[in-house]
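Here the chain labels run A, B, C, D and E in written order, and each chain numbers its own residues starting at 1.
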Amino acid sequence: MKSIELLGKGEEMHGRAYIKLSADEIEESIKKLKENGFNHFVMLSCVDWLDKGKFELVYHMWNYEEKEHAMLSVDIDRNNDVMKSMSHLFPQIETYEREIHEMYGIKFEGNNRLTPFLLENWPHDPPMRKDFDSKKFVKQMYESIPFIEGDENEGI
Amino acid sequence: MKEYELFIGPQHPGITGNMMYHLWVDGDTVTKAECNVGYLHRGFEKLMESRLWMQNIPLVCRICVPEPDVNEAAYSMAVEQLMDWEIPDRAKYIRTIVLELARIAAYLMAIGSYAGSIGIYTLPQWSMGDRDYILDIFEQLTGARVYHIYIWPGGVRWDMPADLPRLIEKTLNYIEERLKLYDDVLFENRVFFDRAIGVGKIPCNKAIEWGVTGPNLRACGYGYDVRKLEPYAAYDEIDFDIVSYPDLGKFDAHEAGDVYTRMIIRRLEIEQSIAIIRQALKKMPESEHILKHPNWLRWKVPEGYAFARVESSKGEFGYFVVSDGGLKPVRVHVRGPSYTHGINVAEKLLQGANIADVSQILFSLDICPPDIER
Amino acid sequence: MDMIGIAIKITILIAYAIIGTCTGLLFMGIGRKIVARVHNRVGPPFYQNFIDVAKLLSKKTNISHGWIFDLALLFSISGILLTLLFLPIGGVQLLSTDGDAFLVLYLLAIPSLGFALGAGASGNPNAGVGVMRALVMMLSYELPFVITLIALMIYYDTTSLATIVRMQSINGIKSWAITMPPFMIAAFAADMALQGMLMEQPFDIPVAPHEIASGPMVEFGGKYLGSLMLYKAIALVAETTLFVDLFLGGGVVAHGNFAFVINFIVWLALIFLLFALSILIAASFPRFRIEQAFGFYWKYEAIIAAISLIWVYIMVIK
Amino acid sequence: MLDIIFAELVVAAIITFFVREKLAAIIAFFISLLPLLALLDWASNYGFAIINLGIENHMKIYLAGVTLHLAITPLSWFFALMILPLFPVIMLYSYSFFKENDGFFALMLLSLFATFGILLSRDMLSLFLFWEMMSWSSFLLVYRSKDKNAIMSYLIFSVFAAFAILFGIIILWHENSSLLLSDILNISGKLGFVAIASIITGFAVKAVIMPLHAWAPFVYSKCDEPFVAFLSGGLSKLGYYGIFLFLFSLKGVDILQNYMTNVSWNYLLAVFGALSAFFATLIAILQDDLRKLLAYSSIGQLGYIAIGFGIGTPLAITGALFQAFNHAFFKAILFLAAGIVAYRTGKWKISELGGLAYKMPFTFMATLFAIFALAAIPITSGFASKWLLYEAAIQQKYVFIAPIMLIAGVGAFLYSFRILYGVFLGENRHDSVEEAPKSMIAALFILVLPLIIFVVFPGYMLDLMKPALQAAGIESIAHTKFAIETSLAKYNSIAVLITLMVAMIPAFVIYKARKHRVTSFEDNYLAGEPYELHKPAMHAANNYYKPLKKVLLPYLEPGATYYFEKIYNGIKCVSNAVRRIYTGYVQDYAIYVVLFLLFVMGWLIWI
Amino acid sequence: MGLHNGDKMMRYEEWSKLARKASKRSLWMVHFCTGCGAIEMPPVMTSRYDMERFGIAPMATPRQADVLLITGYLTVKTLRRVIQVYEQMQSPKYVIAFGSCTINGGMYWDSYNTIKHLEKYIPVDLYIAGCMPRPEGIINAFLELMKLIDEGKARGWERYQKYYDKYKENQRRVFNFEVKEEEKEEKEQKREKNEEH
């Protein structure tokens, strides 16, 4: 596959190129792919591998001419969750980084729009982390609020 | 302070659902626009991580409300990739028909709400009513109007009833007739030309870099369509041409990437979808409709990364599914087309737009907030 | 005038005010029904607008933004009633002999100005923009309208609406202004202006819900919105009546003792036709942007009106 | 008696120069009441019906060998009634407006002196002398603004006007060898035409008719508001006084018409007036500076008077005089209210103001009323005057001017709402602002009175101007106390007002039937967003008429910029030259005037 | 009913029956798509089901409207806007809640961002069951609401006034911010003003 040839590593997975990169290589690689026809940035995903103690960032890129999909994967340490921002390469990366910052707490250096995105007034842990227990949170947060008990004749 | 601030949404007639654009306006020109989403954030991705592979099917369809079937299809395809399944031919054709019907329904809705945004309330009334006949088909096929939960990993939930093709044919003929009326009211209306031509132009050389997909990209002159690029379902066996900018059939081509072209592309793709459905009905083979499933409760999907994409009425819908070989997915990440259209593209298009055009630009981009925030 | 005469006159005035209001509300209801039929649906009952107004006026909470906001309510209803009473209705001269077309034009501005004040007092930017659009619309449609008005005035050599109606009713339908070629053109321009006055598509720009969330009425609710609906109902009657008075002889077809009954029915039919025409146009057009509407009126409509004016001028000079 | 008043005015002017500002204001206020008292005295002694004063009634002042003839005529009586009440009101207003006495009151009293003189003068020399005194005292008032453009443009246009008038006067004197106004009737032919045209042009500068308006936006927007109120309300009327005097009272229109029979000079004036009304209105709509907006609005409204004079029928002239009267009052209110706004907030830009109505309710009410008058809403006397003018245009079948007038009238709605919304309504941005001092409010409401009186009794206004019209041989139009009747239609003010009151009843019933709750500004529709989350700016006043601007500017701009560029360049060139010529020594000016006189004499002898 | 509730109830009884009849036949709803149930609103409003038959019409702003439709699950962020909209509406005002998510959270029972029981935060006059409710169900709900209004039973807005403190407290808890004492007092005063009218 072209992307594997270009970057010199990676494997094919279900018809798509899966390329494992280190954090320093990622900017150069995206630039290289972008110059070589991978001009559609599909999305930036984040996977939380709790047991391995790392976050995996997956940059999906698509080449319209070669009809090829490349997934560039980067591991970052779960305890030192800082990553360089790629938002200067594609404008929509900014939004993905905002979301990942909010949902996983990963800080992106160089992205200055890491404002609240989907959540408002969220003082708790980033919710998409595997160690955030949604069910427990629901119980604490929503189920503890009492019903309004009033005269049944009023309302309803 | 020169500018005043306007909020388009969440409670506003001119917004495409529950989201908000925060506009800074000088006189009647928007100088800065900021998209504010999250009003519909239900944490689907988190929910899916705590549900079984099969349990996620009812969840995913809630991600894009006007056209839920693409989610089911994309999720199923991603799971099928992981499982290395090849689905039966009949299921492929049924999926094609269902997806195209959903596309027509979504386009009718998009055209109707766009027409509402420029003030012609006759067309939404007609197109929403006509869309209901497609929902009737769905009701007969799947038992539900909106959330069908019909496309499953491995095929479709049950076979198409024998008399349904006749009903589909009848409905398609009806909609074809109605399209002529739509042309009279909107697409050949002089005031529509005045309003839409040259407004909200996506710069064509930037379109791909900005992540524009689907009809919006085709309006910029790039004939890219996932149905052709990565044919799924039965699209590789069906003969159809992609509608893209300069070649707009009976409509005049004006400027690439503006509101007018985007809406005309949508209008033409309804006809295209009708043709596809007719072909699919004709070619549909007889076979099983679904593969044999393992026990859902103990269904483990092999480890790996899979990405499936489908062409929805709004653009490219992608599902990134990661499995560690367990009962539940490790991660399901949804790439909604509105993610780029609604935030980066819309913010850039709205800058410098007239406040009278804000709503029509948003509706012509066909932004659907639930697939931004999930 | 003796006391009895005054009393009779006041009774008639009150009767006409009530008739005007009811006609307006009824027409709005029938209009909704007609539009619904265009939309392929049943539509609300024809008396729906009466219910709506009753509901709005009986709301328990009414939110105001201060005394300037209240001026909207006071000015709108009083101003539009005033305008209505200064128009010849079905050939009946109420107060129209005490004023003329210019007075009517300026009286029509009172309720608009009142609403503009109320909308501005709410401080909502949507309302501010809406009023701006309404005023620009006014500047736009008034140009063709005043040109046609002046054409009529110099042809009949009067500015009084009462006289214009009287002179058009001498020979019944044959002497209506619209039967003359220059005034056919003028009537077309004036009808387009009427479309703007009634704020129907393509000129419903000031209240565009998708753009500015219904513009000036953003903060109006309860009795304020109710008064706005009443205003709209009466304004509909007043504005179409103005057109009928100018071009269709005020609906006067008969003379004699009980002719006013026939005339009244003809007038009612004529204003209904005008209103129906306007809502049918509205149902089949999107709305313009404000600058496009301005261009439409000041370029095309004004030229059409000017042609009729020049034509009339040449006729009169000869 | 008149000489006593003159003397007192001068003395007071000198005194007020030296005392503290409050005292100066009080002195000025009482002194400025004197001319009004004199007028009342005159009215009670002689009545209004004096048609033409014989020379024996003149008060003669012998000054350095020439005789100045002064007398009150019906025309000057009417104009005095229009202009002189502004002075005490302005003094009252200025009582708290000025922080220190830097000569404003003295100069205003001098202006009053000159105004009184202009209105009274019955010969051309005194007219010119007082006119120049007016120009110079007002120039010194303009000079206080320290704005170079304003000063230079006012100076240049004033000097131009002065020379134009002087030129005409010299020709008349040369031909008639009499300076008495009543002798002008004897002149005819080419010289008469040149003289009258040149005098009219001179007055037209002060009357800000469109091509000669270029000074007004600068001056109106830079000077002290009380003075501008006089400038727009009073001084411009003096220009129209001059035009009326020479055109109608002295039958200048016949002189013009007899010389060139194929051109309708009337129509020309009306066209100029219509153009000022139309273009100034459109330009005013697009202004952001409150004072500039009012300046262009003044030009537009004054254009109506020119139209009236231009049409020249009794109906039109009545309308024009009525309009002049209304304009004096409502424009003074507007400028004074603008002054109050600036006095309290220190801001002139409409886009920076907002929401003052609840803070300054009385100022707002007065402004609202003035705006009703300006927009000719039929609950103020502003309507009657416009109505008369429209009637006159239709009566004469002026198919070009009538639509322009009407559409300019609609345009007035646009800019007046700009003032209302931008300054008084909308988001309040000035929490600490208080209502204006009482004296200022009082000044505003005094000016509102005539607007109310003459809407109820428009007939009284026609009665007031009747002697002036009769003196000019113009017949008065048919009217009663409440109603005015023309050949075309009838306007009955009392019918309108009573019906409005009756129609208010249902409105009031609806208003009172249900209680309402006044909510705060923060509780506003923001598409569902809570206010405290965003604290948005919500005042849409900047670039308010932007759509209109986009459409109109391509058409307005070339003409306007071309014209103004010429004017600017002209001002620059001339101001350099002027600085060399106007050295500041009185002797030099005397030499210039003598040189000019010699030049004109030479020219006259040569032809 | 409700004599012991004092003045307000009495006044409510005095309310003319005509006013109730009028307000039942002219229900104007706020144009607010809070959740996925909004997808069934266009069909209900348009030619197939034609809601306007019953005098129901969409309105642009809360000031003009009588009915607030909660079309499905509410996230905390939307709840805040819903409350803003609800408080801006003019009473009598009614709330119809769509779908199972408003009753008990529905399929989002374990989602960290959606509130589970709507009636803890604002009073609900009528629930429509289902995910999502069919157009017929929605129309039926409106007819039911009309019946309730006619019988004088749709009085959620009075409930909101009466238990304002409790509702506010619940809302505050879900919005995650502490209200300072002064602000509390301020709100108290505001509420009293609210009740005066």
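In this section, contacts are C-beta pairs under 8 Å (C-beta built on N, C-alpha and C of every residue); 3 or more make two chains touch, one makes a residue touch a chain.
If you're wondering where the values come from, they're calculated on a predicted model, not measured in any experiment.
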Item to complete: Would you pick out the chains that touch subunit B and also touch subunit D?
Response: C, E
Practice prompt. Going by C-alpha centroids, which chain is farthest from subunit A? Tell me that one.
Written response: D
Practice prompt. State which chain is most central when centres are taken as means of Cα atoms.
Written response: C
Worksheet, complete the sentence: Contact-count maximum falls on chain pair C-D
Discussion item. Centre to centre, using CA atoms, which chain is the farthest one from subunit B?
Written reply: D
Item to complete: Using mean C-alpha positions as chain centres, tell me how far subunit C is from subunit D in Å, no decimals.
Response: 35
Item to complete: Could you give the separation in Å between the centres of subunit A and subunit B, each centre being the mean of its C-alpha atoms?
Response: 23
Discussion item. Show the residues in subunit D shared as contacts by 2 or more other chains, in ascending order.
Written reply: 515-517, 523, 525, 527-529, 538-540, 544-545, 547
Practice prompt. List, in ascending order, every residue of subunit C touching at least 2 other chains.
Written response: 39-41, 58-63, 125-126, 128-129, 209, 213-214, 218-219, 222, 289-290
Item to complete: Return the residues of subunit A touching two or more other chains; collapse runs of consecutive numbers into ranges.
Response: 118-120, 127, 132, 134-135
Response to the item:
Touching pairs of chains in this structure are A-B, A-E, B-C, B-D, B-E, C-D, C-E, D-E
Discussion item. Taking the touch rule as given, give the residues of subunit A at its contact with subunit E in the complex, in rising order.
Written reply: 118-123, 127, 132, 134-135, 137-138, 141-143, 145-148, 150-151, 153-156
Discussion item. Residue numbers of subunit D touching subunit B in their complex, please.
Written reply: 351-352, 526-529, 534, 536-540, 542-547, 549
Worksheet item: Which residues of subunit E touch subunit B in their complex?
Response: 30-36, 38-40, 42-43, 45-48, 58, 60-62, 73, 75, 77-78, 81, 85, 107-108, 110-114, 131-132, 134
Worksheet item: Which residues of subunit E touch subunit A in the complex?
Response: 1-2, 5, 76-77, 80, 105, 109-113, 115-117, 119-120, 123-125, 155-156, 158-159, 162-163, 166-167, 170, 173-177
Discussion item. Going by the contact rule set out above, which residues of subunit D touch subunit C in the complex?
Written reply: 355, 357-358, 364, 368, 372, 375-379, 383, 386-387, 390-391, 394, 397, 399, 402-403, 406-407, 410-411, 413-414, 417, 420-421, 425-428, 483, 488-492, 495-496, 499-500, 502-504, 506-508, 510-511, 513-519, 521, 523-525, 527, 538-541, 544-545, 547-548, 550-551
